[in-house]
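Each of the next two complexes has subunit A plus one more chain, namely subunit B in the first and subunit C in the second.
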Partner chain A sequence: MFPELIDTRPLRRAVDDGLSWVVRNWGGELETAAYPLLMLLNWIERLLIATPWWLFIAFFVGLAFMATRNWRLPLVVFLGLVFLGLMQLWRDAMITTALMIAATLTAIVISIPVGVWMSRSDRVRQMVTPVLDLMQTLPSFVYLIPTVMIFGPGKIPALLATIVYASPPLIRLTDLGLRNVDPAVMEASRAFGTSSTQRLFGVQIPLALPTILAGINQTTMMALAMVVIASMIGAGGLGYQVLQGIGRLEVSRGLFAGLGIVALAIVFDRITQAYGRRLQERIGVGEVR
Partner chain B sequence: MLRKSFVATALIGLSFLPAGVIAAASTSAIANAQDAAACGTEKKIDIAEMTWPSAAALAHIHAIILEHGYGCSVEIVTGDTVPTSASMISRGTPAVAPELWTSTVEEAWEKGIADGIVVKLGDAITDGTVEGWFIPRYMQEKHPELKSAEAVIARPDLFPDPENGDKGRLYSCPPGWACELSTSALYEAFDMSGKGWNLFSPGSGGALDASIARAFTREEPILFYYWGPTSILGKFDAVQLDLGPAKPDVYACNTDTDCTDAPGITAYPSSPAIIGAASWLPKEAPAVAAYMAKAGLSNAQISKLLVYGDENKADAAETARNFLKTEQDVWTGWVPVEVAEKVRAFLK
Partner chain C sequence: MTEHAQLHDPASAPGSDELAIIMRGVTKIFGPDPQAALALLRQGSSKADVQAETGHVVGLDNVSLDIEKGQIYVVMGLSGSGKSTLIRHVNRLIEPTAGEIVVNGEKVLDMTMAQLGDFRRTRIAMVFQKFGLLPHRSVIDNVAYGLETRGMSKAERLEKAAHWIGIVGLSGYEKSRPRQLSGGQQQRVGLARALAMDTDILLMDEAFSALDPLIRSGMQEQLLELQSSLNKTILFITHDFDEALKIGNRIAVLKDGAVQQVGKPEEIVLNPANAHIEEFVRDVNKARAIHLRTIMEKGTFEPCEMAMPADARCEDVLPCFDQHEWVGVLDNAGRQIGRVRARHVIKALARYAPSNGSL
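Then we have the complex of A and B:
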């Protein structure tokens, strides 16, 4: 056993009292600050629930067809969504989708600028990378319970937790994509006398777009992976059904809701991937074999 | 020595006598005081440490007394109501569940007792458990009319839902717990959705605790389901709302997913929290069973235990040691003098 060199209790008490202090004095302000996120999520959720099911299915089947010009993916999407409807999981699936979309949108807005910044400075990269490691490995309940104490239970902490968990791959892949743009291309653009902003938006980002899209795809998947955890702090949706199933030993309920999450994941994963591939072909950076 | 105690307990093992009778029978049959202080079994006694603090502390208290007082070989295993009771009923392990809320697993547990696989050794909480709807005391002081559930339900504006400001919010129970069914049934029976309320599920025990801690820290209004004895009710000054009389048959229907009657209004019946054990334990270790039959604590004693743990950031083992050190009057009554001496010697 490691010798007890210091008494950790005062430290632990200080952390707990500090959190109580923040909750007492800043809880209201922080909650107001997060209000726009809640508005975004509620708006998406209301829109999705108000959309008739056939319109929703038609929209995503159409999207899948546009992405592949092929009947196979649309069929998969159709079957996945019909499964959700048949299993009486439609409403929960819409709540989950809303959470996923809101988290992904927010993650995109935050992550891409951070990724750009990281790619332009090694120092920033050195500082951000350990933070990303922390975000991906810290057990989520460790920061969830304090977030619930600060923001109150429900959608805000669920959304924040999902963003924390889902942003790192997008940040990493944005950075990677920008750094991997062919030096010769950069050299050439510099020779034409472009400014650094022109190079970023005209050359680097378009060339890195497939990698960035892969990052968005990963973020979507990670956001869906968080739905069960998010339900544990009051977000509702498919994850809540899973929790109920586990708690009551109703294996069927847990299994169907779990398969529902898989169906959603397949729909969104395949559609975003298909668009990524089309984009690669269009800008001619598809793998040259 | 071994044979004698075996005969005595074989008789007890055959008929499922109440715990008090087991204690009396085994002490009278075993005249030798040495027997009463010996563990009696070579088998490892595994004690379930449940996920909530009171049960965890009780598990450690029993573990210390059994290991250092009776000289048993003891192991603590983690558990929770449903998995632990299921494992006790099907495989006879863990041997002891120091705070088992049998109302959650009533049918299976009754069947286990009837089949002779498990027994109830005693009550873990002597004066019954508390379960119901609570509001903070400062809310009642501001609005003295908020005494009963009806009075609170008439005022959803006092307990606004942050995600939907026009409505009130009732914090329900985590999903899958039996209290989720009973609380949802009451929500329906009171027609709370028609009276401007949302039923909010906090999703997990941790999130419910955090929400309550947040509301009390900020002196905000909150209407929540909770149960005791718990450190939350020990730490925060909450008052229980009057839900009227407890009607066991209405409650049984409310918590049964197959019952088709409309949910009715009833208070939560006090649910029994027992010390459950695999039936081999009283057969092979009668002295231990006799001790367990007496080892019940009151709500106030358990709350005190939990508040110590909470304020001193002590884990369950430390809370248990502190209890054994400071509350000697309580636990020395459960065990023979020699055992108490041995435990005291260990604590020094």
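Then we have the complex of A and C:
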């Protein structure tokens, strides 16, 4: 056994007491601060549930067709979504989709500026990278519990946990994409007297867009991966069905809801990837001949 | 090697009104502590010594150049000679460690970032070896890019861009993407983008080096043709001595970041300053490099039956000797100012041939 060199009890008590103090004194304020997120989530959820199923399917099939200009991907999307409907999972799928979309949108708003900041300074990159590692490897329950203590069980902690888990790949890929822009093109732009803001929006971001889109794709996938855990603290949706299936030992319920998550993942993954490829073709990977 | 220090006595330089670009003692050292390495260099250490002792790379070593307006000034050097570093100092894409740079009477190093941006947008344009085109924009939007950074209205800049696309011979490709074009076409886009800026000064960093020989030759001719009407000051970087001879009004030879020799093409061909330049000269087609003006017998003689302008090259005059003993040499006004015969040409070509043992 490792010798007990220090007494960790005071340290642990300090952390626990600190959290209780935050909950007591700042709980209300934090909840108010997170309220816009809840509004966003609820709005998306209501919109998706109010949308007739056939319109939803038509929209995503159309999106898939626009991205690929052939019938294969639209067919896959159609089958995946019809499966959700046939299995009576439509409403749960909409709730899960709403959580995924709200988390992805929030992650985009936070991650892209952080990625831009990281790409411009090696020091920022050195500081942010370990934080991202932490966000991706720390078991989600570890930060789920304090968030539940602060916000109470419900959609806000579920959304926050999903954002924490889903943001890192987008931040990393934004940074990577911006750093990998051909230095010859950047130099040419500089020689024509552009400001660094003009270069960022006129050259770097457009050329890094395929990589950034790959990051958004990763974020949607990670957000879907969180739905079961999120449902444990009251997010509802397909994850809740899986959870109930486990709880009641109803293998079929867990299996069908699980397959429903897979179907959603395939639909969103293939559509975002197809748009990424399309964008890459339009920009051209490089100008090498 | 310190001869370049005497080559550029500021007192003997032409009036600064005539000079588009002046570089004085420009030194660039790459590394974390350039000042320490600079002190070492000033004490007389060589580039290799500085690198061995401090790990700093000397990019440019006390470079002074006077570039007259309306000239094509070629800086020639092998890779690693610092020529690309040199050209990037003129628009301050690279900050020197020491020295002074004056462009059109303005001290480039004293400019604030805002002034520098303005300077790059309006006074100077650049063409790159790797083209540096924006792959996500069409050809016409690439050509209009510099004008766009100036804030010119869309209609106006597209009109100007279309004009220059026509001049470089790419009409019909306006809507294409750069990657759909060949290398030569892409560099024409790069050239049109720089010309559209309508600046007095054009920087060309190995602009034709990435192109196939035939296309390169065509681009060189196009540049000369454009220059005859545009009369810009062009600073042209190349590693190709033949290219330097073909397009340069003046040539500076760079090695290890230091200027070895500056002169007119034929001065360098006829009097290479050192063994390094001699090596370049050896493989050169001297008949193309040497003008009649340099080798003619000066004076007033009775007019010859056959005559050529003083700018003509030895290779142009060779066929004339088949029929004529003497060929007259004419100035721009058509007056005969001298004459040549075959022996003059043979002497000029033979004098520095390697078989003659000049090495």
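Note that in this section the second predicted complex is superposed on the first by the 285 of 289 C-alpha atoms of A that agree within 3 Å, B and C clash if a C-alpha of one lies under 4 Å from a C-alpha of the other, contacts with A are read in each partner's own complex, and residues count from 1 in each chain.
The working rule: contacts are C-beta pairs under 8 Å (C-beta built on N, C-alpha and C of every residue); 3 or more make two chains touch, one makes a residue touch a chain.
Just so it is clear, the structure is predicted and the values come from calculations on it, not from any experiment.
In the superposition on chain A, A:Ile233 contacts subunit B only, with no contact to subunit C.
Contacts of A:Asp122 after superposition: neither subunit B nor subunit C is touched. When the two complexes are overlaid, the chain among subunit B and subunit C that reaches more residues of subunit A is B. Of the two partner chains placed by superposition, only subunit B is touched by A:Glu31; subunit C is not. After overlaying the two complexes on the shared chain, residue contacts for A:Asp7 are found with neither subunit B nor subunit C. Contacts of A:Ala191 after superposition on the shared chain: subunit C is touched, whereas subunit B is not.
In the superposition on chain A, A:Val148 contacts subunit B only, with no contact to subunit C. Comparing the two interfaces of subunit A, the one with subunit B and the one with subunit C have no residue in common.
Listing the residues of subunit A that touch subunit B in their complex gives 9, 12-13, 16, 20, 23-24, 27-28, 31, 38, 42, 141, 144-146, 148-150, 152-155, 231-236, 240, 243-249.
Considering their complex, residues 91, 93, 116-122, 125-126, 128, 130-136, 145-146, 149-150, 177-179, 182-183, 186, 197, 203 of subunit C touch subunit A. Within the complex formed with subunit A, the subunit B residues making contact are 82, 162-163, 171, 174-177, 180, 200-204, 206-208, 210-211, 213-214, 217-218, 312-313.
Against subunit C, the residues of subunit A that register as touching in their complex are 184-185, 187-195, 198, 202-203, 206-207, 282-284, 286-287, 289.
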